[in-house]
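For reference, chains read A, B, C and D in written order, and residue numbers begin at 1 within each chain.
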Amino acid sequence: MTLPRTIPVGLIGAGRIGTSHAEIIAHRVPGASLVAVADPRPGVADALGSSLGARGVLAPGDIFEADDVEAVVIAASSEAHTELVIAAARAGKAVFCEKPMALTLSDADRAIAAARDADVALQVGFNRRFAPGFEAAHAAIVAGSVGTPHLMRSVTRDPGLANPAAVPPWTVFTQTLIHDFDALLWLNPGAQPAEVYATADALVAPEFKQAGLLDTAVVVVTFDNGARGVAEASFSATYGYDVRAEVFGSGGMVTAGTTARTSMTLHDGSGRHVETARQDVDLFRDAYTGEFVEFTDAVREGRAPSVTGVDAKRALSIALACIESVRANAPVKVTA
Amino acid sequence: MTLPRTIPVGLIGAGRIGTSHAEIIAHRVPGASLVAVADPRPGVADALGSSLGARGVLAPGDIFEADDVEAVVIAASSEAHTELVIAAARAGKAVFCEKPMALTLSDADRAIAAARDADVALQVGFNRRFAPGFEAAHAAIVAGSVGTPHLMRSVTRDPGLANPAAVPPWTVFTQTLIHDFDALLWLNPGAQPAEVYATADALVAPEFKQAGLLDTAVVVVTFDNGARGVAEASFSATYGYDVRAEVFGSGGMVTAGTTARTSMTLHDGSGRHVETARQDVDLFRDAYTGEFVEFTDAVREGRAPSVTGVDAKRALSIALACIESVRANAPVKVTA
Amino acid sequence: MTLPRTIPVGLIGAGRIGTSHAEIIAHRVPGASLVAVADPRPGVADALGSSLGARGVLAPGDIFEADDVEAVVIAASSEAHTELVIAAARAGKAVFCEKPMALTLSDADRAIAAARDADVALQVGFNRRFAPGFEAAHAAIVAGSVGTPHLMRSVTRDPGLANPAAVPPWTVFTQTLIHDFDALLWLNPGAQPAEVYATADALVAPEFKQAGLLDTAVVVVTFDNGARGVAEASFSATYGYDVRAEVFGSGGMVTAGTTARTSMTLHDGSGRHVETARQDVDLFRDAYTGEFVEFTDAVREGRAPSVTGVDAKRALSIALACIESVRANAPVKVTA
Amino acid sequence: MTLPRTIPVGLIGAGRIGTSHAEIIAHRVPGASLVAVADPRPGVADALGSSLGARGVLAPGDIFEADDVEAVVIAASSEAHTELVIAAARAGKAVFCEKPMALTLSDADRAIAAARDADVALQVGFNRRFAPGFEAAHAAIVAGSVGTPHLMRSVTRDPGLANPAAVPPWTVFTQTLIHDFDALLWLNPGAQPAEVYATADALVAPEFKQAGLLDTAVVVVTFDNGARGVAEASFSATYGYDVRAEVFGSGGMVTAGTTARTSMTLHDGSGRHVETARQDVDLFRDAYTGEFVEFTDAVREGRAPSVTGVDAKRALSIALACIESVRANAPVKVTA
């Protein structure tokens, strides 16, 4: 028995999710080592890197050019993702890109092509695919336990909207519900989205509606196998982080996700109580670990990851149809 | 302390739900006595009546004209409901009408007017309002525990489609989802439905699609307070009878409904198992009892019931908008 | 189809549980009618009776001698139960007796003999046998789903101790845990209790310990098939009424009972919350109804009820062994 | 921000639990590195070590004498634990010892003294203390949410008895229920165990009873604050690995533990189903990680771990009292 090769990883972006990813890669992923962190803010990459045994740099290019980096994790700001994916791929690095990989279909195509041309792995950060409850639901569906999906649901509710002014328009579709669109696609294997109806509003922070911020949305996706999938998002759940899915079909139903933080219950004079998950990094720690295990395994084995740029593009197609649907106040066809 | 007056009740219709109602009225509602049952099929009313201490008759008119009947429960076939309500009201009887009370807004208006003109109580059979979990959810919403509703959901799934050929077109909206529309209205107090998008299909029994049978539907209702309510129905849940609701708002979330038949769990070599509710009369026994307690209390006290013909019309408005939405494949305004 | 014969019932004792029983018999049990109520406190029986269409009397004898009473429900004070059972049986009445039917084995034998000699039904108020979750657990055990029981548990926790001074010594065993002893016997079909270890204390109201009040107890029953059953009681659950059971065996485990009052959950800034059942008449309404349905069915059909005086004696044997065990601080054999 | 010092760890014992510990230390504990593995079976330590970047040795002494090992994890066979703890401590290594640390009180004292004399950390493997649900329950108890404990319960059920012939007598107390005894002590802070009643049997593998194997046991521990704690174990749960606790007190109740493997539920024609946890390494992965994080943090910070040799001795005192209680068939005092 020989030691599996460790994949040296460089991280682009040391913000909230980048920091979480760095810690998980450094500490919880057997086959990965974190060697470099890039962040344009002076000192930030150094600080995170030094706490984890990695060097800090300012420019992503320093990571792309580094010989000791084999794979790159992109957790920079959303609008920079596509170009970073392309640059990383051209430098011959395997790429893990946080969602959204792209904000237009042509950008998605360019990213996919860059990875394909460079023959490098390209994985996107659809974390639910690695959450144990969702994995078990998917396995049940693939095993035929629910038959053909008829009615589906995927929900994302965040614990709050820290800085509404900083949220770009359509974020609810391109960055939040993109997770749910991928979940619906993944949990309805082989089906294609045909039509989308979306409705959205600014109910949490109505004063930002004029600026284009929509914080509450409901989407109905009609698939070519007849299944209807409902995706729903809110930016402000008082009780924490709420991510759930339900798939009802000709043979039964699966549900995945829970709001409970642990198995503990408390009974007292006011009833029975359970603590709720307050953070994505709390609810999804195992999922984040799982996605980096998959990524480094794929790199090591020279194969495509289980969730790729093509999946990012498919989910994006639905998000873009949602924007069009809201603008037209009508259902619109999905173009892939 | 004096004995509350018992309300003598006549039942129109001794089919499956009529039989269940008869037994509940006869045995579980303190302030009611079942005195007569009408059913056009020879012997059917006699059989049910004799088992419960009531007389059987063939024609509804025999009940309307009976001096010993004070209140009437209408559980005949759906298309006859409106005229039966009107005839009962004109005969001076208090009326409990199973849903749907009417299939057009003008019929709804006529039924409401007949009851108002005759000054008799008119209650409709929206059973969830009396189901303990739904009552508790409503109480929490009224108490402000979830703040302003933002995202709502109501689900109805039946255990199967016995005779698809006998199901009239649009039943999924006018007879099944009408419960969910009432639930959404009731759980969003004070709000008005503004717009509806509906999509429906024949996924359970596709061979009946040509005949107009739709067995699977999803509806999005946009309310004037910004809340989006999703209603969803299927005619074929393999696991039984599934009725649930969820209301998410600025202050929190309530859920109501469960698929569990009892509190029992079984753990064995294949995991943990819970029996599911297989029938509406199983899942809703307490609710059916509660609605008849409310009805006879209202009659005795000379007041309006808590759910009336006006509520039936409001839910119908949404159902009719759904039909229009499916035909147009577009969201449509709700007209009240 | 003919109307099943209604059994006219007389009630002895119009206290808290007697009042609940009266209402259930009058309103929820199809085959029963309440015709008379006896209570020695002036006016009490009249008041309860008049609200339910029954006459009130002062002395139990007035009910035993009444020709229009066929069955008697005994809900008087515990120490009077045995003599009332005997008197009722001798008067030819079928008897439903609240637990405890007797406080000594010889009294139990006398009550059983009186019913047998008079050839009348004798049922005892072990309500869990009719609670839906417990019924489902029992059915699973009888069906072999858990194999041979190895480890069992039955729990009773009451919402509070209203008047500790009025609680007779050993009540925790003879009146509270007697339910759990019957549950353990019922859920371990065919097995005999061999040995009992009991420990008890005054933790809720320690100031009454001197007077003999024990409010907290744990009992281990060793059965002749090897199963160990743990019964546990407290007189003061802040969260309400908590009755649960668990049976673990060679093939699996069943659990029964829940603290949830309804299916409703509330999520808010402090987590996820469920209302708890606060009263036995809340938690056990269906069970109370079910036990009177069984009683009147047995009377009508001229058969023994499913839970009889013999079951009362078996549970009492364990309770008496508990008292001896606490006194000796040692396990003691159970004598039947 | 500087990198926290990594603690180099040597592992003694490469069996089932040793292998799991090695992988967790190597991959999931930020502040630890696995440098050596010892196992007397030829090639076993090499194989495990090489897969994790550590060297393999045959004798524990090779680890105790290694300069590059700062802390030792003992997962050898139970009867060797005490001497290994003492040898490791004398070699100046910090020690993590799987339960049971000792099988006699004097051995426990010797192990504790060795660590104290050498001024090294000594932690024992009471994993529940680091399981999220149990941690939350403990926190609620410490916060006063349940008041003074009155009735406690701790359950351990294993998925099966692979090789009954290899199980030493009294294992159910010294190796299985020792976890539950520690849980009861930990969840009843400040209280001392006063008396123990234990009953045990061979119900899973009765053919091994003669050889002293007891596979099913129930223990009642009476604490000096009046609380009664019930601990219960079985070696054969068909549904997997079942570890739960419940603490009921003057102010409320907490429960911890679940049999569910993930949040997924499946509904189909036979009801609602949940997968159960099949392995301790499945149910307790987070707990195993947590205990090694605590251990290496304590080593790095030069402080005592949160669960020490003294805790091992306290739990052992109860286990030894259980053996005496079974032999005497009587409650016995606990001597600390």
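Note that in this section a residue touches a chain if its C-beta (ideal position, glycine included) is under 8 Å from a C-beta of that chain, and two chains touch if they have at least 3 such contacts.
Keep in mind that what you see is a predicted model, and the values were worked out from it rather than measured.
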Task = Check A-B against B-D and say which one is joined by more contacting C-beta pairs.
result = A-B
Ask   = Roughly how far is chain A from chain B, going centre to centre by Cα mean, in whole Å?
value = 41
Query = Once you find the CA centre of chain B and the CA centre of chain C, what distance in Å lies between them?
reply = 37
Ask   = For chain B and chain D, what's the span in angstrom between their mean Cα positions?
value = 55
Query = Which residues of chain C are in contact with two or more other chains?
reply = 237-239, 242, 251-253, 267-269, 275
Inquiry  = If every chain is a node and each touching pair gets an edge, what shape is that graph: line, ring, star, complete or other?
reply    = complete
Contact set on chain A toward chain C in their complex = 237-239, 242, 259-260, 267-276
Request  = Show which residues of chain A lie in contact with chain D when the two form their complex.
outcome  = 1-4, 23, 26-30, 47, 50-53, 132-137, 140, 145-146, 251-258, 261-269, 275
Note = Listed in rising order, the residues of chain C that touch chain D in the complex are 147-148, 150-151, 153, 157, 197, 199, 201, 203-204, 216, 218, 220, 222, 226-228, 230, 232, 234, 236-239, 242, 248, 250-253, 329-331
